[in-house]
Every structure is written in structure tokens, then in C-alpha cells.
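Note that the chains are named A, B, C and D in the order they appear, and that numbering of residues resets to 1 at the start of each chain.
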Amino acid sequence: MRGQFKFQEDWVYKMPVHFGGYPFYPVRTVYGDMTGLQVGFETDPEKLLPLIPEDFELLKPQVNVQYANCREVEWMAGGDYRLIQVTAPVRYMGNSEGLVGEYALVVWENKACPIIGGREEDGVPKIFADIALERHNGDYWFTAASYESVNFLKLDFRKTGEMSEGEIAEANKNPKINLFGWRYLPNLGKGGATLSHATLYPQEATIRQGWTGEGTVTWTEVTPEQHPLQWKIINTLAGLPVVRFTGATMMKTTARLNVGDSRILP
Amino acid sequence: MRGQFKFQEDWVYKMPVHFGGYPFYPVRTVYGDMTGLQVGFETDPEKLLPLIPEDFELLKPQVNVQYANCREVEWMAGGDYRLIQVTAPVRYMGNSEGLVGEYALVVWENKACPIIGGREEDGVPKIFADIALERHNGDYWFTAASYESVNFLKLDFRKTGEMSEGEIAEANKNPKINLFGWRYLPNLGKGGATLSHATLYPQEATIRQGWTGEGTVTWTEVTPEQHPLQWKIINTLAGLPVVRFTGATMMKTTARLNVGDSRILP
Amino acid sequence: MRGQFKFQEDWVYKMPVHFGGYPFYPVRTVYGDMTGLQVGFETDPEKLLPLIPEDFELLKPQVNVQYANCREVEWMAGGDYRLIQVTAPVRYMGNSEGLVGEYALVVWENKACPIIGGREEDGVPKIFADIALERHNGDYWFTAASYESVNFLKLDFRKTGEMSEGEIAEANKNPKINLFGWRYLPNLGKGGATLSHATLYPQEATIRQGWTGEGTVTWTEVTPEQHPLQWKIINTLAGLPVVRFTGATMMKTTARLNVGDSRILP
Amino acid sequence: MRGQFKFQEDWVYKMPVHFGGYPFYPVRTVYGDMTGLQVGFETDPEKLLPLIPEDFELLKPQVNVQYANCREVEWMAGGDYRLIQVTAPVRYMGNSEGLVGEYALVVWENKACPIIGGREEDGVPKIFADIALERHNGDYWFTAASYESVNFLKLDFRKTGEMSEGEIAEANKNPKINLFGWRYLPNLGKGGATLSHATLYPQEATIRQGWTGEGTVTWTEVTPEQHPLQWKIINTLAGLPVVRFTGATMMKTTARLNVGDSRILP
């Protein structure tokens, strides 16, 4: 008895494929209630450039660490998850478009479902961590990430001012963000890649409320035993020198992730 | 400042790629302590064949549901996770090898790390669920799987006999299992696949102790709201008629997952 | 070497006591952001009265099931937890005050810390469950509770109208709620109680936004194996007949739990 | 309509009481499969004595930290949980029995159910933490405890030898352990205790396999914001000087917790 599952040409599937796909349409999914904490720091470009593929130009030796509590996630029926995204500002040099955005060095998320989709459908290098809810004592806010009870990252923020309506309106004139990733699948049973290319994942965020302040990120190195899959990532990031913290914000936003506008970059 | 990350030819990488790869070697990773509950049932081939790609021949209209509590997992520094694997017995028809094994309809796992690896490095359609530890009242054993507190699968087993040393020795003469998957990545921003092929993921399991018995699997359908990403999978499997349960076993095994012997099937 | 820990008379302690206590002060702790779903049903008084201690008079044969997503919890540094509270309307008859409120039949919570405090410091019968975040498809909202992936309670709500400012102002004229519990500690090594008395735990909730609608609660019975500590509780509640659902609401509130005003009732 | 719930004299209840109790019988519950890591250290008695109630005599200035992975827990239908117990060796001086055992300074557990029972039915000061599974790299074993992704304790152990059958048989001649606690409930609405007394909780452990080695415990202080309910406990323990580590073991045991033999000490 031959199997009867056939792919529909030009349809879109996810693994497991054989439960069926659907015709392509440009999914743009709303994140109705996002709370973000962003901290940036200047680093040594000699340490950062080895983490940026040659197809990108680093615009400045800056690392941005963004915690987000994602709520009212449309594709999760209003469910939620949390993430910590580490990026650097770049220009894509592989074609003549001069696309500018943030290259995703790593994105930790605390649920498997968005990790799978982000990796496979956008090339965003999402991996798992326990990520604590943002909590606070008055205007001092904090969160942390860990694996098997071993903390590797703390993020601290102190609010010092609130954005005015004018500042918010100004910032919302340019809601678009280009997030760049690198989608890669290995060969099986031998070295090399089956698939390897830069990706563009366009996103938009509309600020509803915002605060300025001072923030820091604090890494704690881990041993290979403590975190067999991520120790190299964590310790490499922990090794990036902090020349100075360049600013920090807290934001309440509504975001739209334009998955359907994602592109393979040549 | 151009990025400086370059791929080493023939090295192996995982996303995020830019923290470095390593030369290929045939990873064979040991799962030192596995406890499994297996329940099989005969179903209507007309319902099952649409879930099997045309490159495979269904050997009999049988569905095997296997719960495993994976402990002493070498690549997790002795860590653990749990899975429920649903397969059907097939022969691969895409080449002349006549490979026989189990086609993975779906594999639920309760941790993100093995899900990512299994999908990307083996084409096994792993997705997330909360999976309860196997518990028991005397010889009656049970487990369950759920998402956001909504149960969708229960597995029940009653031990009626123990395998003799001779039976175990006999069974251990053929420890190899061919697990077949289908690795797929979509295009970005349009329909169709960037990559789509059958995979072979060879595994071995050595039985240390085994029991025969009677078992059942019980599905509960879910609504799209309750489980936006998996309702179709769950409800399709829930719709497979159980002609009869064909046997059930409980096993303590040591397994070896031969990731490095995985292959893309033509 | 004699131990040196001594209790300060009239101070307040929690186990472990020897890390020190503090002078009594009337704690009133704010829950800054609560989202609630309430569903009530009329039941058979003959089934409900055996669950109400003799010191209380049941005001009507009504059961109220309230889910709450508790956020911005002051004593958790802005942390969160979720609960499902099952109560019946009563009058306390043990003294002449004529106190009217809700008797707590059971309260499930998804974190250990509020469970401990509620039981020991207020006599509220809190026990553990996994409780899903409220999610929704448009105006249809739902949540569920489970233990080890076995669902035992679902709560469904459909918004049909929003409370007007006038209705909210009217409702907020009486923000106080008397929650009654029964605090009990067993003897050790023999039967009987070391301590057993009714409690009053005063609370206040100010509505910020409210919706009316239709709701249902659906119980699923569990076996003793599935839930050794709670099967009797769940199955007893599942056995309360639903004569009719009496109304349902969804509320955004700010609450104040007046722990320091809790009282032992005579 | 008066409530109809009455306590049966001499029966035993748990909150919520009104779902019924049962006649007292001396519960002795088996933990079929325990894996423990124990590390002891000598400390400054001047720092430790303030944590020991006056009714106890400290036998030596020693702190014992014990991690246990509790599996095949009979009262959980074969379920599991993990704990980290911190104790000091004492003699109870409140009566003439001369009872010797370990006074429980604090016990962290990763599930609410055993926490509730231990506090209320045995006076053991159990509180919640995330506790990682013991993992290892060869003979080096480790675990950690955290709260909201903030690590506060690490336990490391290196196996250097295995206990002989003779040593195990010798150790198993005295399987009994006296665990002492202090059960306390506050008054409501004012200071002072409703109930406050020492407790004895007899336990037994039979060693199946054991290893000697070297171990350390490493505390990390936390801020009140990070851990509002436990910072004082953690920081006090972190402040106990380690004069020297006095030995470490790893054990596979079967335990019997003699809850029914627990006693209120006069």
C-alpha cells in the first residue's frame, strides 16, 4: 500500500508536513501587548566582527540586548512568551538595496513553539532559556535568564524619565525594523550545509508608552557541563568588552511581525 | 567594518552559526537510561495512507505509540526529557535499498533543545507538549500529554508478564531501528519548499528489562483556539479508527542515537 | 552549646522561624493588575450543604468559580500567579456579627509561595494546580486547570456586553469582600486537631473595566492514581449538579488583600 | 440552610477539611528510588547558634547540605520531586529522652504538594525553589537551585571511591534518622503564635549504593527584590563561614518517611 501524501505545489508546510499545508499568504501577526527593556553597549569591534557574517557591514561597534514580554500573541490565541534578543546594527552588502537593520546574534525564548517557527521560517537563531518575568521595586526593573537553575544573564534598568507624547509620535513615524538572520541546515551524515543564506524578517512596533533610564546587562560564564549546547554562545557574549552602556529604555508597544514578508537574501 | 565570520567548508554548524562550527564526525549519542511504554493498534489503511508520503509503502495498517522517559542523556550531561512518538511501519521506495523501518507521524517532546536538533538534523517532526512522568498503581502504568492544561492524549498500560532473559537476548540480536522522517523548510515570502526530502535516522536500543501487557491510547480532540498549532495533527490522529489494540510492552533500555549516520534519502 | 534562637513575644514569624520575625503590622498588600473570569451556577443544596461547616449558613445554593490572573503582586516585587477559587455565599453564625461573605471550598493556585501563606496565615484552603493563562478567540475566552497533564476543569466565557462607567462606579461603592476559610492543623502521631477554627480574610477589589456574558465550568473526574491528593475534592465538585448557570463576568480590577485584618472566628 | 459539615472526633483532616477526613493510622510512606548528594562543612558556632532554638543543643558546629532526587514516591503514585535540605546536628533538651538528630534549618523543594504536607504535618520548614536534576561529566556531579532564574545555591561533588558491600551493610545497621523541625502558625490580625512547638519526624534510609568524594556548596546572595520571601534565609546561610568542608557522599537509597510516628515535642 503506497503512501498517498503529496505536496501541493506552492503550498506552505511545516514539519510534520503530511498533516497538510495551506496556500501561501503573507502572514502578518499581531503581538497586542509587548513590554520591552532595552539596554545597549559599545564594545570592541575586533571582538564583535567575528560574529557578523561577511555579507554584513557592522554600522557601529554596538550590542543591543532587548528583553520582551510578548502578550496577546495573535497566533497563540492571545497566549504569551518571553524573549531576550541580542543584536548588532548592520547593513546588508550582498545586494544593492543597502538594507539596514539589526543582525540577530542570538535570541533566547522560553517556549518551544516560537523557537521552531523563528528558526525555520525566518532564520532567526532562537534557542531556549528560562526567562523570568520583568519585576520591579519602584522604578528599578530587572529580569534574568537561566538554564537548569544556572543564571547566565541579568538585565537591570532604572527609569529616570518618561517619553512625551511628542517623542512617542516622532518615534512612531518609523515603526519598521529589519531583523536579519542566517538560516542554516546541515547536511546529514557528512559535513557542510544543505541550506545556508541570510534572511530578512521585517517587523513593526508602535510605541504606546516609553521611558528612558539607565541599564546594564551582566553575563555569568557557564561551564560546558552546565550548558552543553550554549556555553560557547554565552561565554563569547560574556567576553565582549563593555566600553560603555549607551542608553536604556522601557517600552510598551504593539508589534506586527511580518512573517509573510520575510525574504531569503541573495 | 565588514563582518568577519566565514563558514569553514565541510564543517557542521547549528543556528546561530556565527559562534562557530566543528569538523564533521559521526556523532552517536548514548541515552543511558530509557523507560518506554509502547502501545500499537490496527487502523483503517484508508485513513492512514494519506499521512504517509508516496515515497513510502505502508507495511501494515498499524500505528505505534511510544512514550519514553529519556534519562542519562549523554549530550545533555546526563539530563533528561520525555517524548511520545507516533509511527507507522513502512518501506522506503525511493531507491533500491528496500529500507524498512518506522515513519514518524509526529513526535512530542517536553523540551525545546531535542526538538530543534531532531527537526533540523534528522528531519524528525518533533513538536512541543507537556508530557507527564510515567506513574503507576501497582502494575497499572499511565502517562498523559497536554498543552496549556488541555489534555489530548492518555496512554495506559497493565503489566501481565515479564520477558525472560532468553526473550531479551533474542530481541537484542536486532537492536537497530530505522526511523524515517521528512525534513522540510519553506520558502520565505512565497509558497513552496526551499528543502524537502525524506530522511533516515538510525537508532539502536538494547533491552535491559521488559514486560508484556495490555495497553490503550486515548485521544481527546482539541479546538483550534485551545491549540492553534497542533489541533489538526491531534484531531487527525484522534480520527484514526482503532480496529484493535495489537499489543503493548514496557521496556527499560539503553539507546544509541546514531545522528552521524543520518542520511538524506534520494 | 545551647541554641540561641528565641521568639520575640508578639512578633510574627513564618516557618522557618529561626531566621527571625518582625513586629506585627496590619499588612494590606496590593494586586495592581488582576484579570478575572467568574462563572456562577445554582446547585442542589443537599449536595452543597455537606461541604459547608455548621458554623455557616448557606445563603443560597450557589457555587461561584472565579479564575484570576494576578499581576503586579506587590509582595512578589510585581510578580504574578494564577488561581481558580470555588466558593459559596454564606453567613457566619458563630457570633452575633452576622458576617456575610463567600466560604472558600477550594482555591487552586499555580505557585507554592501564595499557597503556603494563604493556608497558614488566612486559613484559605489553597492547593496546587497547573492553571493556563486566559486566552481567547475574539470575545470567546477560556482557561483550564490540570495536574500532571490531566485536565480536570475548564472555564469558558463569551463576552456579550461591557459594563458602563455608571455600572462600574455603582459596583465600586462596595469593594469589600469577606472571604471565609477554615484553618486546621492535625495532631502529630495521633488523630484529632491541634488547631481548627473558622477564619475571616477581608479583601477589596476595585473594578477598572468589566464585561457581562455567558459562561460555563466543565469538570472532568480523575482517578485516585491520576491525582492521589485531590481526586476526592475534584470528583465531589464534579458531582455538584448544575441546575443552571446564573451569570458570568470578566473583570479587570485592582485588589487589596487585607491580610493584617484577618481574624480567627470564635 | 445550615452547613452540615462536622469533624469526626479523632479523625485526621487536611485543608480543605470539608471534603472529609479519615481515621488516624500511622502512615509510613516509601520513597522507592532516591539519589542523594551530601556535603557537610564546619562553620563558626557563633554564627550558627542563633539559628537553633534554645530547646536544642548543637552537637558540633556543622552544617549538612543534602540534595535528593526523590523518585517512586508512594504517596504520589510513583511521582517525583527534588529537594535541598540544610540541617545541623542537635540534641533535643526539652525532655529527658536525649533525642539526637538533625535540626532542619530550611528545606527547599520544587513541588507544592510535599511542601504543604511537610510544613503542616511535620513542622519541617519547606519552601519553594527551582532545583535542577543532578547532572554530571564523568565522576563530577552537580546541581543548583534558583528562583525566577536567579541562582542562589550550587552543589558540586566529585566521586573518588565507592562504598564496599561491607561498608554499606555496616551503615544500614542504623537506618534511622531523627529530623527535627519547628511547627509554627501565627495569630491572625495581631502578633504572636497560635501554635509553636518543636517536632520530631522519624525517617529511615537504606543504602543501596554509595560513593565517597569531595564536595562543595556555593551560595550566591540575593537582593530583597530578587527574592522577597527568602532573601534573609539565603543571605544568612551564605554568611555562615566555611571553616572547612568535612566530607561528601553520593547515595542511592530507599527511604521510608514515618509521618505517622511524628510527634509534637514538649
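To be clear about the criterion, a residue touches a chain if its C-beta (ideal position, glycine included) is under 8 Å from a C-beta of that chain, and two chains touch if they have at least 3 such contacts.
Note that the coordinates shown come from a computational prediction; the quantities given were computed from them, not determined experimentally.
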Which contact partners do chain B and chain C have in common?
-> A, D
Just how much do you need to spin chain C so its Cα atoms sit on those of chain D, in degrees to the nearest 5?
-> 180
Between A-B and A-C, name the chain pair that shares the greater number of C-beta pairs in contact.
-> A-B
Between chain A and chain B, what's the gap in Å when you average each chain's C-alpha atoms?
-> 29
Between chain C and chain A, distance of the C-alpha-averaged centres to the nearest whole Å = 39
Multi-partner residues of chain A (each touching 2 or more other chains) | 76-77, 79, 133, 135-137, 148, 224-226
Mapping chain-to-chain touches, which pattern fits: line, ring, star, complete or other?
-> complete
Touching residues (chain side chain B, partner chain D) in the complex | 76-80, 133-137
Within their complex, chain B touches chain A through residues 1-7, 9-20, 23-24, 26, 45, 49-58, 61, 75-77, 79, 90, 93, 103-106, 111-113, 115-116, 119-123, 125-128, 148, 181-196, 199, 225-226, 228-229, 232-233, 236, 260-264
Using the touch definition up top, name the residues of chain D that touch chain A in the complex.
-> 130-133, 135-137, 140, 142-146, 148-151, 154, 224-226
